[in-house]
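Here is the structure we will look at, set down as structure tokens.
As written, the chains take the letters A, B, C, D and E, and residue 1 is the first residue of each chain.
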Amino acid sequence: MPMPASFVPPSPQELFRFAPEMLMTVVATLIMVMEPLSAPEGKRKFAVMTFLALIAGIVLTVMGTNDPGTAFSKMLVLDGFAAFFRILVMVVGLLIVLISTNYLKLEQHESGEYYAVMLFSIIGQCLMVSANELIMLFIGLECSSIASYVLAGYLRDDKRNNESALKYFLLGSFATAFLLYGVAWIYGLTGTTNLSAIRTTLLDPTNHPNLVMLGAATALLFVGLAFKVSAAPFQMWAPDVYQGAPAPVTAFMSVGPKAAAFAMFLRILMTAFEPLKDRWEPILWVSALATMIIGNFAALRQTNIKRLLAYSSIAHAGYVMVALTTHSEIGTAAAMFYLASYAFMNIGAFAVVTYVARRGEKHVATQDLSGLSQTQPLVAAMLTIFLLSLTGIPLTAGFFGKFYIFKAALDANLIWLAVLGMLNSAVAAYYYLRIIVVMYMQPPAESAEELLAPSAGIRVAILCTAIVTLFLGIFPSFVLDFAGRSASLIR
Amino acid sequence: MPELPIALPAHVPLSWYLILSVILFVVGAAGFLLRRNIITVFMCIELMLNAVNLTFIAFSHQLKQVDGHIFSFFVMVVAAAEAAVGLAIILTVFKNRSTLEVDEVSSMKL
Amino acid sequence: MNLLNILLIVPAAGFLLTLLLPKDNPGLVRNFTLFVSLIAFLLSLGLIGPVLANPQQLSFESNSPWIEYPSIRYHVGLDGLSLWLVILSTFLTPIVILVSWKYIQKRVKEYYAFLLFLLFGVLGVFVSLDLFLFFVFWEVSLVPMYFLVGIWGHDKRIYAAVKFFLYTMAGSALMLIAMVYLYNKSGTFDIPLLMDMMAKGRLVLTGTEGFWLFMAFFVAFAIKVPLFPLHTWLPDAHGEAPTAGSVMLASVLLKLGTYGIVRICLPLFPEASHQNARWIIGLAIGGIIYGALVAMVQPNMKRLVAYSSVSHLGFVILGVFTFTQVGLDGAVYQMLNHGISTGALFILVGMLYERRHSLEIADYGGVGTVAPWLSTMFVITTLASVGLPLLNNFVGEFLVLQGAAERNFLYAVFAAVGVILSAVYMLWMVQRTFYGETPDAVKNHFSDLSLREWGVILPLIAMMVWMGIGSSSFLPAISASDSKILSVVQSKAPVAGKELANAR
Amino acid sequence: MPTSVLEAYFPVLVQVILAAAVAAGLLGAGVLLGKRVKNKVKDTPYECGITPTGSAKERFSVKFYLVGMLFILFDIEAIFLYPWAVVYRDLKLFGFFEMLLFIGLVLAGFFYIWKKGVLNWAAEESPQDSQR
Amino acid sequence: MNFFLLSLIKTGLVAFVLLTTLAYLQWIERKVLAHIQLRPGPYRVGPHGLLQPLADVVKLATKEGVIPGNANVFFFLFAPFLAVTLALTSISVIPFGPEIEVFGVKTNMELTGVNIGVLFILALSSLGVYGIAIGGWASNSKYSLMGGLRSSAQMISYELPMSLAIAAPLLIVNTLNFRDMVNAQSGYWLGVIPKWNIFAGPFPQFFSFLIFLIAAFAETNRVPFDLPEAESELVSGFHTEYSSLGFAAFFMAEYANMITVCSVATLLYLGGWQPLWPSSLGSDFVAPLIHFAAAGMLFYHGGQTVKSRTWDRFSFPAFGVIFLVVGALFLVPVLKPILIPLFWFVGKVGILLFIFIWIRGTLPRFRYDQLMRFAWTFLFPVAIVNLLITGLLVALQS
């Protein structure tokens, strides 16, 4: 069996392309090492460290965009696409840190592990989005997932947390197994795990992979990926998991890992499986539609905000699936834009939920928001912006997100999918509106009295996300141009 | 020199491994869906991962590459990490609820 | 930076500034917003001259890129068609601010802020020349209205608000798809450019495409109009909204739909308009009669006025789809008329409500004896609404009927039935409310018009009269603009027999 | 030398069978040769003559679980060293630094659990002991 | 010769030798312990108690194998079965000497030379935990359960420093095959110091060897790490409920494991069958000389025996003759290439086994928390440091 013949140590250039991950790993490890040595009241510094690490990571990523290319014998590919998603997940991390600090303090669970594990998850996501190899992709995915399992059950004495973590873990691992099995078969059929090489093999006319096998492998892969992005028919884990996890973690899970999983999905579709795109399309089509419908209609009946947002998150995954179905660069750019805008509006919404839920997350029913516009008008206004954005009202980021996706769908001649998708978003308006109704049109709940002003972190997070949501709603080009330029992947 | 009547084939055909892996995987998946004890469910996942490993190794051997070996290595590592996290989660669940039945760990419904 | 842009900025800036005002000083908020709206009104008056000088062309046009991909431009401009609607909006805003002066006591700041925001939205819709921009403003105008109904409305306000929102959302979802489809086909969202491309044959839609695109736009607009049978949100929204909300809703927001039909549906899809004209007219007439009949049995004044709107807007649609110059002129004119007279009706009903705190007709009676001036104003408005000659509605309805008759005499006959019915329910309501015995509750609580209320109602009455006798001040500009649209439509009029073939 | 994988493992198979036979024989002989007398007292678990109370399969200290988990993690990491060790001379110093990094991370984790008191079996009751 | 036939023959041979060794290892242990404690040890059954193992087997076999009530019968029986099977299987990859020629047939002195011998041994020793854990659990006894748990925890804890310790010599020899490993340790520094891993290489693996040895004690549940069967605390640990041959099976597995780890230690660190100094300097004569010396001692003692041990007058000289003959065999040219390496191998393993017994006779038992802390907070870091130093020096060297 041939051994890897010659080991070429990575060049400084390659190392630099990997710099954000390395930096974050160092910081995360440092946090882990410092954690047991620090006094219980000195945990705040870990949040600061995480924050700085993420900022440095973003700076390094931005610097790295000048020099796109592959690294570590083509295991990683750092193109605009990767940079986009890396920045996205790191920004998500920043916002989540802002939301989390006060939450953890209230729950008396402040510790360095939380931040370290979150950093690890983000590192995993960075790997996922820049992986050019199924192995690398798998490692990134698991790094992100395993850390997320831990985060989901972070408050280990909380029954809901336990349950959430358990379900997330079991179903996530189940999905991983499917994904891996698909990867194994792909590897067997094409003889490689490199995405570009798989594409070359599939394009090679002299090569006749067994189509039945290939179909089976693709289906397995799809099952795994669909699980990870909570697309129908593999979305059932999301509501329970999102409902049970601590609110900031839910915010994190619903955007970070999801965006990364979509990035991975996109990259696989657009590079390795590009030659098979016609085979993918019907599956994606049906899945996209089902995801939207299930998400939206199930959300209609929810009374728990976290669960409602979980279903809404499924529905939004459906919209992104529409973009995936188009299988075009425009669709890719649209999906990228959508994921970015979704990240901001959803984190914003969850930041408000975190704030309103208060200690022990006792107030997570939609009814608990009643009269928020009177007790905390600014927070209510911000939440309104987020919800309108989730609904897809113009001048918010969510609108352009949907707009670009459905435009891409029409470009790809998926007229019915676009029409049904748009009608779905009208359905979605109903449940988002209900929250607005509760906030603005109902008298304050009794418990609203004791609602203190939001902490600085939450305030900053809400404001930032609201500003970005509006900014992207008025000047979408800012992100879209970048997404459009990055949508062409290095194959 | 006396020859024994048994003769081993030069190598086991690839398809045997693959069929075995499919069986393992299906058993694992079925167990995951049908069994109700968390530990059993968890072990079913491990079984599925082992089916994956088997597939990788078999293909890797067939293709005369090391990629599959490396992959299965990582799968093992990840499975270990998953096992550690998973067992920790199961422990906390057990601590809080004193049950290991999947169906009983379900307080969040519509 | 021309006058039109400034006009758009004023309410938007006013909205933001209002939000910054202190919460506990409602007086300041009221005065400030009134001031802003008056400025907007005065500015809008400045638009009249240049547009009237050249009503066929676009005035105050500005066209600059907004988003590069897909090419979306900030393209706004005015012609005779939109001019009066813009002025209608700016004219009514200070009035509804005044109307709300006493009535709105809770969450004052937000209320007035939303009113300015609403003004911003509707102005945007009327002046947009880019489909996308049009859509953005269309949706933007939805949000403040939703809050106006939902927060300050009557008992069933939440239901009404959500219903209103969802209906419009569903329609606009389709509209967006159609816009994007059109963009993919042509590469632009620009309405004049699209018309130009069609005229030059650079953009050709097949029959099916034309039909579906037309339908998508038309349904979105028809919901907003609302065209029978898509009108069910309207009585709820009107009935539950606060006075100012009802006024803005009836007078301005409904016009967004009809304006959209005239501005987008007709010129962009002339063939499809022709193909579908028949059943649309049928629905319009159905709406006229249905609205009238239902209005007749309404015990609630606001709902009665709301149903009368359904009826009146049926006239507008009817006029538009006659595809005759008079019919179209009349329809556009009727939009303005309806804005003035129905707005006034709602205001007056609101005044009654402020005094008696009831909208049930049965709770009133003999108001004429306790509040003669109020009653007088009410009667004048009612007469205008009914279409009495010398008052505004008469002109519009007459022109529409004339157009309808040109097209098919039967249309005119049925529509005329609607006019008669409107007289019946309106006058019957007046009779039950203002005449007869005065219940004690009415007697003790009623005061006549205050100075503020005079300030509110007089301009409206003045406009009714002016538009009734001085229609020549308005009509030339309208007809100059819509003749352009009409020529496009008529150029694609099907030759007899071809209609069937095209439909396939 | 064995020429194929199967040949290499055939003796192992033979040895396994032999070993199993020995084990089975051993146990089987015990069953065959020993006489059997059953009675209730004999069947009770041996607890130095005191009547057993409660089930024997009750929950035990979480430390054992912890050790199990730690073992899984660290042993896998140890196993990683073997392929590395086999090709070590080809990798030269690069291999050393790569592994230094790897081991450094492992040690960070090790340090963490150490300081968290996971390894301190005596401190189950008194957490302050870990400060020693 | 047919490969399969050869394999069967070798397997049979090895199994016979192994089982005999196992039986007598116990006798030796009892004897050595006894002498350490200044008592004679087994004496009655046969000369110097030489037939004691046989008697033990007969005794155990005829005892009743009690299966406690509520025990899980299948697992209760499966546990000792598993333990013995695994323990006996390990020997299959261990080479005892170089390639030899017997009756014109060339073969290796081993059952099979798999290329991953080290991993194979490690895997089997990991599996060994199952026998103990299952046994403890299936007994349905608190002592058993605690013993099983402790034992499992201890075994897996020490497995870690053990595998890390093993990695260090692997860095030097770069192979997982035992035979290649021994071959890599041939040769001498400066003509006299053997290039065994414990002495030589860029970094002598002395610490690694010590760690391995300590871990091996724990792995085999030997004193001072015999906590699982700490009589004073847990009666008899995981096999409290085992009697008769079930008990014997666990016992046997323990001794088989001892032999295996000692063999592995020999192969990894002590150069396998490589002699202590070059044969050019006469190392080949060590074996016969030792045997002759032993024979001489026996003859001498046979003449000196006190009255009460009259039997020894016959037995000592008889054993002396045996030793004499065996020593002479080393000088036969045909047998020399077979027996000399075997002598060195067995000698090294024997010394290690003696150390095992010696320590049992010398050291007290650890407390459980000390034991665990020792593994995790001392052995593990030391093993890693040793590994890193070795790695650095090897890398600098090549």
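Here are a few things to note about the model shown:
Assume contacts are C-beta pairs under 8 Å (C-beta built on N, C-alpha and C of every residue); 3 or more make two chains touch, one makes a residue touch a chain.
Because the structure is predicted, anything quoted here is derived from the model rather than measured.
Taking each chain's centre as the mean of its CA atoms, E is the chain most distant from chain A.
With A-C and A-B as the two chain pairs, more C-beta contacts join A-B. The innermost chain, defined by the distance from its C-alpha mean to the mean of all protein C-alpha atoms, is A. Distance from the centre of chain D peaks at C, each centre being the average of the chain's Cα atoms. Centroids of chain C and chain E (each the mean of its C-alpha atoms) stand 98 Å apart.
Computed centre separation for the pair chain A/chain D is 39 angstrom, with centres defined by C-alpha atoms.
Separating the CA-averaged centres of chain B and chain C is a span of 67 Å.
Each chain gets one centre point, the mean of its Cα atoms, and the points for chain B and chain E are 34 Å apart. Residue numbers of chain D whose C-beta contacts span two or more other chains: 7, 10, 68, 70, 75, 79, 87, 91, 95.
Contact of a single residue of chain E with at least two other chains is seen at positions 4.
For chain C, the set of residues that touch two or more other chains is empty. For chain A in complex with chain C, the residues that touch the partner chain are 373-374, 377, 388, 391, 393-395, 399, 403, 406-407, 410-411, 415, 418-419, 422-423, 425-426, 429-430, 433-434, 436-437, 440-442, 475-477, 480-481, 484.
The touching residues of chain D, counted against chain E in their complex, run 1-2, 7-12, 14-16, 18-20, 22-24, 26-27, 29-31, 33-37, 40, 42-48, 52, 56-57, 60, 63-64, 67-68, 70-71, 74-75, 78-79, 81-82, 85-89, 91-93, 95-96, 99-100, 103, 106-107, 110, 114, 119-122. Against chain D, the residues of chain E that register as touching in their complex are 3-4, 7-8, 10-12, 14-15, 19, 60-66, 68-70, 77, 80-89, 91-93, 108, 111-115, 118-120, 126, 137, 139-146, 149, 152-153, 156-157, 159-160, 163-164, 167, 170-171, 174-176, 235, 240-241, 244-246, 248-249, 252, 368-369, 372-373, 376-377, 380-381, 384, 387-388, 391-392, 394-396, 398.
Across the complex, chain B meets chain D through its residues 8-12, 73, 76-77, 80-81, 83-84, 87-88, 91.
Listed in rising order, the residues of chain A touching chain B in the complex are 1-4, 134-135, 138-139, 142, 146, 149-150, 153, 156-157, 159-160, 162-166, 169-170, 173-174, 176-178, 180-181, 183-185, 187-188, 191-193, 239-240, 243-244, 301-302, 307.
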